[in-house]
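Right, one structure below, let's go through it.
Letters A, B and C name the chains as they come in the text, with residue numbers starting at 1 for each one.
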Amino acid sequence: MNLVEAFRWIADPGNWGGTSGIAARIVEHLWVTFLSLLAAAAVALPVGVLIGHTGRGAGVIGAFTGAFRAIPTLGLLTLFGLLLGIGLAAPMLALVILAIPSLLAGAYSGIHSVDPTIAGAARAIGMSPAQVITRVELPLALPVLIGGIRAATLQIVATATLAAYTADYGLGRYLFAGLKTRDYPQMIGGAIIVIALALILELLLAAVQRTIDQRVTRPSTREKLGSRHG
Amino acid sequence: MIEFDAVSKIYPGGSEAVREFSLRVPSHRTVVLVGSSGSGKTTLLRMVNRMVDPTAGRVLIDGEDIQSRDPVQLRRSIGYVLQQGGLLPHRTIADNIATVPILNGMPRKQALAEVPALMARVGLDPGFARRYPGQLSGGQQQRVGVARALASDPNILLMDEPFGAVDPIVRRELQDELLRLQAELGKTILFVTHDIDEAFRLGDEIVVLKEKGLVAQRGTPQQILAAPADEFVRDFVGVGRAERQLVLEEVDGRTLAVDGDGRPVGILRA
Amino acid sequence: MNWLSQNWERLGELLLNHVALSIPAIVISVLVAVPIGRLAFRKPILGGPVLGAASLLYAVPALPLLVVIPALAGLSPRSPWVMVIALSLYGIALLVRTSADAFAAVDRTVREGALAVGHSPASVFWRVDLPLALPVLIPGIRVVTVSTISLVTIGALIGVSSLGSLLTDGFQRGIVASVITGVVATVALALAFDGLLLLAGRVLTPWRRWSHEPRGGIPVDR
């Protein structure tokens, strides 16, 4: 049974240590995910917030995110791999580009969902445009915005696995190495570890999103809990 | 004192909201703009704090053209109360009330320290300070809105249908509260409503608007009720409505005022 | 262009393979997800866990899933069924929530009105619930279709032939034209199917032409 052997492969402490051990690969995978997310967020969040705030260019976001969904991730990875060579630059670029639509949509939808009368009132009592964004729209948009970050993170984790096809990096390496040498325990074991990593991140980010959602959209429940304690 | 000097507003796209409107709102008085939707009343109100800029004409505050003022600074110097309060749902009542003083640079601690007095002034239990707007009734939220507008002690209050979203009994309470406050504070109030009874209750002076800021009549409530300028004002004020047609009737030696449907509405004092 | 003229036949063959993998997956997704979504809407006690499971399933990365499915299902790793099963699972995960939302968006009074004038529960589903859920359902099906067609390419990594083979072959042999052809053909196929569904949606919901479109947000997904 391949599955049993896969778990045996995972359980073997000899596979965890060293520079190409499971532990090091997990760190690599998370690191590349984090860097790509950071770079994509630096581009997408300000743009999404600005479009949500001004309402200008909303149609572009719809068309943009829709068209992006059709682009095969493997296509971007292989194309950049050919053009930029075998290294980390090609997959990183692909990961950043693929994460942008979710982040953009999250930031835009979050700001867009804020009741315009609330933002209008904030302006009317004398908040500057920057204050309306940072003190009113962003806090109220946070749950939806975090949803975009959650989607982008999982997209990156999944695509980073594929990225091992063009660069020797991350957990995907076990899958491709196993595939090539018909080492199925390694291949399936690697797959199980990636799935576990993705599910843990999903649950973690879902919990963060839930907590923030409660803080922002139903602050009253927090107040009730607070008054019970004090 | 607020002055509208022949202001017009044409929105991009060509729809005309206001045509050549002029008005003086004297200091320490309450002027009510009353009209139905499309009368341009809200546009006029929003010109005072530059939420809307006129396409022609000027708005002056104490003789100064506000076009030369920074809009953000201007808004912080004017109290603004709008329908349903326009409170920030994610901030506590205290934070909402202290918003403008903090924007004006007052230390947060000091601004929050003034909150209980402001709440008491508008008839709110200061115990609500740590609650969120969602936990308050519509009428209470409206009081918070008034407290927020008063927090930085502005000379001018703009009120945009502030009591439109609450039920009639609460609306009456809030109107009484506003009259009491105004007697105490003597602000310059520009008040917008579509409800003529509210205008009669609150206004020192009333401006009845037709469409596009066209003035049908201006005057005290007494003047408007006694001598409606035309058919439009007569209809709007409801001079012909049964409750405005009072006759006197003798009952057991007392004189009652009775409306057009024969329902008693009051007793004539000796 | 030269490369393309020499590989015209192969492109056609791979395109057919691609379609043959996509259509079953999309159809299975719809047939399974819509009833589950309706159940999730009607029985919120079941709905919570079902929707939670769907969002977890959707979080599973594609390539690892393709590797694990044969081990779980006892299939050969290169069987096209592995691909169809994996794509269906994603489609279902994506569409269950949309279906639940679609049925929740149907006006309760319309449904009660239909029951009140004598529709049986079954005919309420076919004649009222389902048609009125279409305006939300069809955009969901369009998203599933486009992402399924895009995702099929990954099968090439485990040896399932599709337009994705142009990507892997092109990369291995250093032919940029092959990769670009693969990307363009996949996108074109996805947009063609998307356009067909858009048209189908217009035909199936003629009443919508006379009502205001709701101010739609943009779905946040992967």
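The working rule: contacts are C-beta pairs under 8 Å (C-beta built on N, C-alpha and C of every residue); 3 or more make two chains touch, one makes a residue touch a chain.
What you see is a predicted model; the values in this text were computed from it and never measured.
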item	value
Co-neighbours of subunit B and subunit A - touch as defined	none
Centroid-based (C-alpha) most distant chain relative to subunit B	C
Interchain centroid distance [CA atoms averaged], subunit A/subunit B, Å	49
Subunit B and subunit C, separation of their C-alpha mean positions in angstrom	54
Intercentroid distance (Cα basis), subunit C paired with subunit A, Å	21
Contact set on subunit C toward subunit A in their complex	55-56, 59-65, 67-68, 71-72, 143, 146-147, 149-151, 153-154, 156-158, 163-164, 167-168, 170-171, 174, 176, 179-180, 182-183, 186-187, 190-191, 194, 217-222
Residue ranges of subunit A in contact with subunit C within the complex	2-3, 6, 61-62, 65-67, 69-76, 78-79, 81-83, 102, 105-106, 108-109, 112-113, 144, 147-148, 151-152, 154-155, 157-158, 161-162, 165-166, 172, 175-176, 179, 184, 187-188, 190-192, 194-195, 198-199, 201-203, 206
Residues of subunit A defined as touching subunit B within the complex	117-118, 120-128, 131, 135-136, 139-140, 215-220, 223
Residue ranges of subunit B touching subunit A (in the complex, touch as defined)	46, 49, 51, 72-78, 80, 82, 84-90, 99-100, 103-104, 130-132, 134-135, 148-149
